[in-house]
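Chains here go by letter, A, B, C, D, E and F, matching the order in which they are written, and residues are numbered from 1 within each.
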């Protein structure tokens, strides 16, 4: 067990000390021997309202110093069963969205080539498109659990085809995902017309609007999704704005009436057993939450995703 | 359909651009041809604890830039069926509460004379008294859906009869409202004695204390209120402090144990079908919420009220 | 009735005026004639992550100016039946945790000697150990209702036996508490291994993890605890981080997925009838919540504890 | 010497403890035996832009806990030579500016009748008019050292004659002040026309615009003013917005290009020897400076004024 | 005189009311009859460190509500002599820097074609390159007064030739500016080697490093620059980070040891008489200054630039 | 030259990416081959007013990402001439001040044994005492340039001999420093009596009170100090509260009327040529400055100290 990387314990070094890696894991300079690689994609040039997600990875890592290795609620102990490291940030080009998306795609191809499971700390949601491109090249079309306030199925924004609001239309058009195994959870708010909400349903996307989930436990719904997906490779894309702004104020396009942190935990925990091939946690914009708590929520959700990876149960 | 004013689309002009009107609607300089007029009443000199609501209208408008015209959850499309504009702020006298209340009353008389439905962005809650005076002069006593942490039935505060805490006693005494069609929803907290809570019940006011609503959907309660009111003219007065401070921290007299944003949405949506003759959203104090999210909640609730106006369903 | 100390009314002196005592009660210079003494223990040198709880007492008092004497939900009127005052802060030694804990213990011995019920505004949670030492010397081992995100049963932290994370192990070892009448409510998050969570159960501690409470009313659970405790002397230790960070962002070691303010109110109200011999409200760190609302929550919970004291029902 | 009230020492009680009085002085319940009375006038209903000064007195007192009794730069030791206490806040009517000004005037009459020197913590600048009325009734027209970004000589604002922008025109018209011994220091910014700046000069007011003071020590200018005033009774009215927003961001009507904290200290120290009969420090609006430093500046300037009172040098 | 547009007076409408245009001027829908057009360029995708300048125009306008029309220090009355309006924001493409720069250039060509003087509210500094392209097409190479912490003469950043750090090298290479009439004022900080600082000097750029200006009035230096430029067309580009972070904390790439607000005012006022053909104020990032004061400084500097336009003196 | 460690360039990796080391230098795991070691001492349990300096090292490192290797003003290029790395944080015991000071002393002995020059990022000022103990054991009594608002020569605080306010009395008593080569620069504020300020002068300490430095360049004073020290080993202890709160709001015991950032730069640059054997930068408390600019100032001052190390000029 001790051959795997371990987070620095809060009893060995005060939590406000140590490297700014996820959970104070070692920063790996090579992917050799890793099962899981956490990486940052610090970008905000794909956002349409408030910016600031470029500091998301830094702040999520900072807040993750509070997390200990063992999951009290589920018994998961990911660091006992998998070799996990933080591999730092992708060197995106902060002046060009197009170029940055290319860098993400190439980097993912390299990572996936080694068999490592990549977990991305965003960054705005536009990063998910190049990730899915790389994913589908390796795994074929993947199932997607997409937790978000927004369906992100615009055709274009200001004439651009690749932004944080067009990801899942592109993914559908390019055949990167299995349309009827694409689950959009937490969507809500307003749109430009009824077609905004019905077209993707016509492709097969399964919608779980937030207002149908209010006051409900998401454990059952998660279990159904898990059964529906079966053993297919599945990608989890978690946009922090799926949560209500009370629980995650620090984000760029908040929508009221969202999920609670408790529902997010229920959902992720109920997905244990899926063949997760990658995941991301996007849209944390720290400057809108000086308490740091949005990044804390994000860090915990990332940890819960670690806990349900296929190799995480020994 | 296109003859009506439309919000500027986020695909035409970046959301952080454009006029600071509600949803980036045109700013009307005349009431001619309008069905609905949004207006600001930027005041805080009627508040008893934290001030700052004078900046409420500005910040609610700023945050409303995120809202698109079509309501995903209810299918409402208010801008397809009504001509709606922002008519700016009333020119209150920031040094005199009495004088400002007079200005509000006179302004409302003028607006109501044209048949337009006025929707006020507060400001502190003291604005609702002169509004109700003008309303009752046109419609006779109105039913009131009053969503608030506080019953606002004090007799006086520091000897003053007209403040943000005395509105509904005055309205009752002056016969502006139908007492047994007055619904106070979300009230809670502490008082000076049992009479604080029983006297208004004696007048006929119907109380829905927050603690009896915890964990419940408000859809059913809203439907009952709707049936109970029938076709009477009804005024909706929504104090943002009805929400728990977790959901709306930026307000002047917060009380813990309040409604959730989800309950607020359920309540308002279930009131569709009422003969709403006006409404307000008051007590947003932006300097206590640097994230802007309290104003975002307020803007969305205002939009939901737009969606249930009588003319809004085509 | 009027012989008892009363909070200054918001109708006599504007809420933003007056002394910075709890609810603007008189500051007592002697314990003579008091039934209940509120006191501050402004400390943060026992905290392991974010500091700042040294300003907790000041800020809780500041926010308590909003609270009126009569409890709308329960009908309690504590100031009608008990003589209650704020006795200021203990003069701790801010440079030495050990010395400060000694001062707390001695101060409590003096206070308990007079028969007064002490209610402490923390400060970090390390203050509860010396309090329990003094309590047990007077009452024998006490039952404990411990509301917290963390079990605080570490053996040591950096080799120290007395910190905010070791309180209840020490209390158990020293026989200060009745192990099987110790209720830990709201615990959650992560640990260093399964033993973190099972050992205290082996001592008899009763655990109510937060995730088993999500979406539930706590009234029933509180009633069961009340019956289980019976007439034993009981101490209530309320760590504000038991609440979810959405409801109480201003704290030092936040954990997501916590209790709501509504659940906290349900729990405390259902404990009415217990033989409460003291209580504390700890871990408010104001600099992480510039809205002041965390301290407002804390002030209200302190008030609710006042409302359930044995002498509070007349 | 020890018969006088002393601030609580930071070596006796940690600075974050103790009463929220100015410098943790005793709160006096009577004026008997006092030489100087510090008092709060918590108001903001006379402000024209950002509100929030109602919390000024509370925050200035909170930050004053850092100040020790002996003045390192000047050798002044005010607490050795005068009996000084904090007498709390005036019970203003927060809903009526007119009524509040009346209360201030009456309270000042009572205070001045005892021979005590009053020092007011504002509050917005409108409080200075009733203070000067009371002052002139006792002392005849007084000289005024008025440090401010604004001349406050408007004729009216929204038709009101008594607001924070009309104080010194009213004072001149009513003969409360000696016009040619009125020194306006730090004024700057923009106006509605040249008359804004020349009319008061015509009355005899002496203007020291900020831009003529940039980069200069104010010691010399202060000494000249001191000589010019001679032994006349003089009132000092210090508006914190005289300082540049870099030094005092937390105020309601900031103007760039202002004085530095260093200049403010030079100015006040050079006024030692004047026959100061009262002073105020106004327009601190804490919610615009979460660091608390604006109130810290204000507390220090108040202390420096204490140090130059006639009785303060033994 | 009254035929020109005037800002709404604070005596007619409370400052927290009214349109969110610069100084509450009318929003023009046409350039006809205008002498000066204020416009926003809300962008931050050209920034290399902290983002957020996309909200610069909105916040500068909001804070400009404090400014009155007449300049107390200089006697300038720009609204008496020029017809000035706010023409809103350019409709940039927030997902493409290249495309946005193209839009800025084309928009400027159109504006300059009408003879109007454009004044831009940024946005990040990358907007100045397309502006200079349009300027030089009309005026030939222009003199430039460039006030900034950074020389912005990088060759490329991440391979991109057009970002906020490469503007003035591009402008030099393309012959848009008169090299030896280019004045870089306030530059400081650190670089990658000595060439960073000497190369542009070799082109003829005149450097005024901040550390040579500390503690000095800039009036003399400004006068020398004015004489050196003579009657040439000159563009003023004012980066708010030229100021020290004490005076302008809300910016994306702050550098310590900068200019003071007072020096900025001295500099701009001393440039009166120049043939200014356009100007910008860039790099205000409001989310890093919740007090709003950075935008207030920016609004005032914009106003001072208005005051020195050729047509502004009647 | 390239054999030395270099900061990651902002052109290779976006500034918001990369390790959270000082200037994104490599984190060294051994002292071998280093000339200079930067290290964090994250502590705040020695502070007497506001806490939070435990997060100082983290935030100073975060803000240092803006700094490039070459010093524009002085031509220094420290990374060309010295091998510099960040060695992380000392593993202090956050629950015991005494124990933490012991850890600092032992760690420094080990570091000094290798010949490396240590530069400490605080943490509160109490760390300087154990550092000076280790220093004097190696170098004999050292000269000290002590830049601070406070002389830190209390005898004890709450009976404790070792806190952030007693450092230099202890250092004097223990003979760790050369008394008449101890320069205290920037001291100001208030005390408990005249002895507070004269006693240390009697020991030989040279005082440069802030008020004697206002408006002056510190270059000359620095040069005099440099000559006075000669070739003696000298330690520089820089307390960020030496700066005025306008320039460094994020600190625990701010005092108004302090140095400017410009003066701090002048002072440090003029010390070039001294035989600096170590230095520290202490008392940055990030939670009191959400803009991050206090830490930015601190990072820059640390960099300037790097630039004047004996080996730094090639």
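Note that contacts are C-beta pairs under 8 Å (C-beta built on N, C-alpha and C of every residue); 3 or more make two chains touch, one makes a residue touch a chain.
Model, not experiment: these values are computed from the prediction.
With chains reduced to the mean position of their C-alpha atoms, the one farthest from chain C is E. Distance from the chain D centre to the chain E centre is 37 Å, each centre being the mean of its Cα atoms. Computed from the mean C-alpha positions, the centre of chain B lies at a distance of 55 Å from the centre of chain F. Computed centre separation for the pair chain A/chain F is 41 angstrom, with centres defined by C-alpha atoms. Shared contact sites, meaning residues of chain B that touch two or more other chains, fall at 14, 16, 48, 50, 54-55, 94, 157-158, 215, 244, 246, 288, 290. Taken as a graph of touching chains, this assembly has some other topology, since it is neither a line, a ring, a star nor fully connected. Going by the touch rule set out above, the chain pairs that meet are A-B, A-C, A-E, A-F, B-C, B-D, B-E, C-D, C-F, D-E, D-F, E-F. The touching residues of chain D, counted against chain B in their complex, run 44-48, 50-52, 54-55, 93-99, 157-160, 162-163, 287-288. Residue ranges on chain D touching chain C, taken from their complex, read 12-14, 16-20, 27, 40, 42, 54-55, 57-58, 62, 88-89, 91-92, 94, 290. Remark: chain F residues 9-11, 14-16, 65-73, 75, 77, 215-217, 244, 246-247, 260-262, 265-266, 290-293, 296-297, 300, 303 touch chain E in the complex. Against chain C, the residues of chain B that register as touching in their complex are 48-50, 154, 157-158, 187-194, 196-197, 209, 211, 214-215, 244-246, 249-250, 253-257, 288-290.
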